[in-house]
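What follows is a set of structures to go through.
Same chain, two partners: chain A is paired with chain B first, then with chain C.
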Partner chain A sequence: MQFFGGSEISPSPPAPAASGNNAHMLYIFNRNGVCLLYREWNRPLKTLSSQQDHKLMFGLLFSLKSLTAKMDPTSVEKGNLGVPQLPGQGCSFHSFRTNTYKLSFMETPSGIKIILVTHPRTSDLRDSLKYIYNLYVEYVVKNPLYSPGTPIRYELFNKAVDQYVRGLG
Partner chain B sequence: MAAIYSLYIINKSGGLIFYKDYGSAGRMDTNDSLRLASLWHSMHAISQQLSPVSGCSGIELLQADTFDLHCFQSLTGTKFFVVCEPGTLHMESLLKHIYELYTDYVLKNPFYEMEMPIRCELFDINLAQAVQKDRVALLGR
Partner chain C sequence: MAPAAPKSGDAIFASVDRVNAELFTLTYGAIVRQLLTDLEEVDEVNKQLDQMGYNIGVRLVDEFLAKSNVSRCVDFRETAEVIAKVGFKMFLGVTASVTNWDTEGTTCSLIMEDNPLVDFVELPDTCQGLHYCNILSGVVRGALEMVSMKTEVTWLRDMLKGDDVFELQVKLLKQIPEEYPYKDDE
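Now for the complex of A and B:
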């Protein structure tokens, strides 16, 4: 597994916090744990280097997924804890909330993980994540110059994501 | 109707000190519940590190596809969490009530050793009543 640092991925400066915008960060990982995109709009607290931060985030999602798959109270056959599962296999989760932020998570069948961190009182963002995935498909996957598994550096995609996220309630 | 699937109490170092199942499918053996409890303890700690703003006290609600997990952490670091059906309401107040029962019937029990598994009959009885009451309230909606 290979991890890339992410500070150079987002070349444009973070948007000012005051614009009715309650989104903090956006991460996109591929199935190998490579951070394809990291966008940051409002993040006053930074305790780790960006590379460590991405690793920790991917690790948290991975472990939470195995936790929910094992804890699932509706299925009888749950397998063992910690056995890696394919995307879509086992019980997954779509969000968690702490007192300071809410993290919404989506995984596509190809193993792309989209993570949006927002204000804790944001409503359900599952559709918004699907829309961001659509943007990814349109602007990145359909770009003939993009080679899969490398960090995304497209101004047009960044702009579209920024614009969409800023418009979120 | 099983609104609440299970209840866990973990001590400040992540050890499982109480586990009760209220009818989830498939038996979870002791080792698995111990592992899940300590995994939750570490996920709770990592979520604090990833917070974009300061003052984060860990995950309060995890929404999975088939269940919700509500977690309450006391000031001393003991964590209480329930696994319930998605969208179940009033779990925070139930957790606070369970915490009250814990302080009354476990901590005030002179034979209870701190951070050790809970084996107190009165706690069991009152907990069963609290969960039962919660279910009745749910059915009466």
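Now for the complex of A and C:
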């Protein structure tokens, strides 16, 4: 048993028992803030309505992105805080970690945002998010019945995402 | 650092699924033919092809981004290069060259010497106003709009009308910054 000096801040959730089953939630947003997909695997605590929850998540990412770009010590062009950025401008974060969860984030130039919330000890998930983006392209964008900008309701896509996320270490 | 954008689309072209070029050409020809029958007016057909292209471009951009690993382009110049070298190669199997930049760097021309859409095509006298490849200008416009660039795309030269190359002029109208989509009182 460890009392002091652990790098993890207590209280931290128990490490995942087996590989897989690490993920809590997945969100996919488009550029207009529409939640295209929300999947949930392990979320015991819910305090908000789903609509509020999605809005809050989108707002968190939007603000955080703006803040990270503002704090960038390497770039000259920072613009003003809160002033909208052109695509390609500014830097962005790809994940953050709290003592209870880790949030991984990817944004494509077309404005698709993919967010995966997992156990805090999960490793770098950037490639996994890219893989999910590929799934989105294959199962959703290429589906002629899907009209862009609407929530995704395809069993096949959900299944593919579930299966992939369950397999994450 | 983000990985550098690929300089050519050869590797991606080799890895994606392809269809027989003749099937593609003839299918497109059949679509144009049907539109001419249905709409009767050449101008209407141009408009319809452009709209179809736009709808394709809106979706195609995601496939392009997912497979090409292009993460961002610094400016419009780089964007144009990527479209000509990577995008055209990936979806049409040909490359274009970028020339005729204006001084502000907002207008350029994509020159195509080879265009798989027009194999076997001859324009009859009744269709001289038809932009046979208007679907391509729509695709470019739709795809760029999804990456926040509002553009105007027009054909300047057309091999079907006796020119030596295809020239597609792309004019950047404005870049739309990303804004917070919700209102406070919602």
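Points to keep in mind about this one:
Convention: the second predicted complex is superposed on the first by the 146 of 169 C-alpha atoms of A that agree within 3 Å, B and C clash if a C-alpha of one lies under 4 Å from a C-alpha of the other, contacts with A are read in each partner's own complex, and residues count from 1 in each chain.
Keep in mind that, in the parts below, a contact is a pair of C-beta atoms (placed from the backbone, for glycine too) under 8 Å apart; a residue touches a chain by one contact, two chains touch by 3 or more.
Bear in mind the structure is a predicted one, so any value in this text is a computation, not a measurement.
Once the two complexes are overlaid on the shared chain, A:117 sits against chain B while remaining clear of chain C.
By the touch criterion stated above, A:71 is placed in contact with chain B alone, chain C being left untouched. Applying the stated contact rule after C-alpha superposition, one finds that A:57 touches chain B and leaves chain C untouched. Looking at the shared chain after the overlay, A:24 reaches chain B, while chain C stays out of its contact range.
Once the two complexes are overlaid on the shared chain, A:43 sits against chain B while remaining clear of chain C. The partner that reaches more residues of chain A, of the two candidates chain B and chain C, is B. In the superposition on chain A, contact is made by A:99 with chain B only, not with chain C.
Once the two complexes are overlaid on chain A, the chain A residues touched by chain B in the first and by chain C in the second are 59.
Note for the complex: chain C touches chain A at residues 58-59, 61-63, 65-67, 70-75, 146-148, 175, 177-182, 186.
By the touch criterion given at the top, residues 2, 5-6, 24-26, 32, 35-36, 39-40, 42-43, 46-67, 69, 83 of chain B touch chain A in their complex. Considering their complex, residues 31-33, 55, 58-59, 62, 84-88, 108-112, 130, 133-134, 136-137, 141-142, 148 of chain A touch chain C. Chain A makes touch with chain B in their complex at residues 24-25, 42-45, 47-48, 53, 56-57, 59-60, 63-64, 66-68, 70-78, 81, 91-101, 103, 117.
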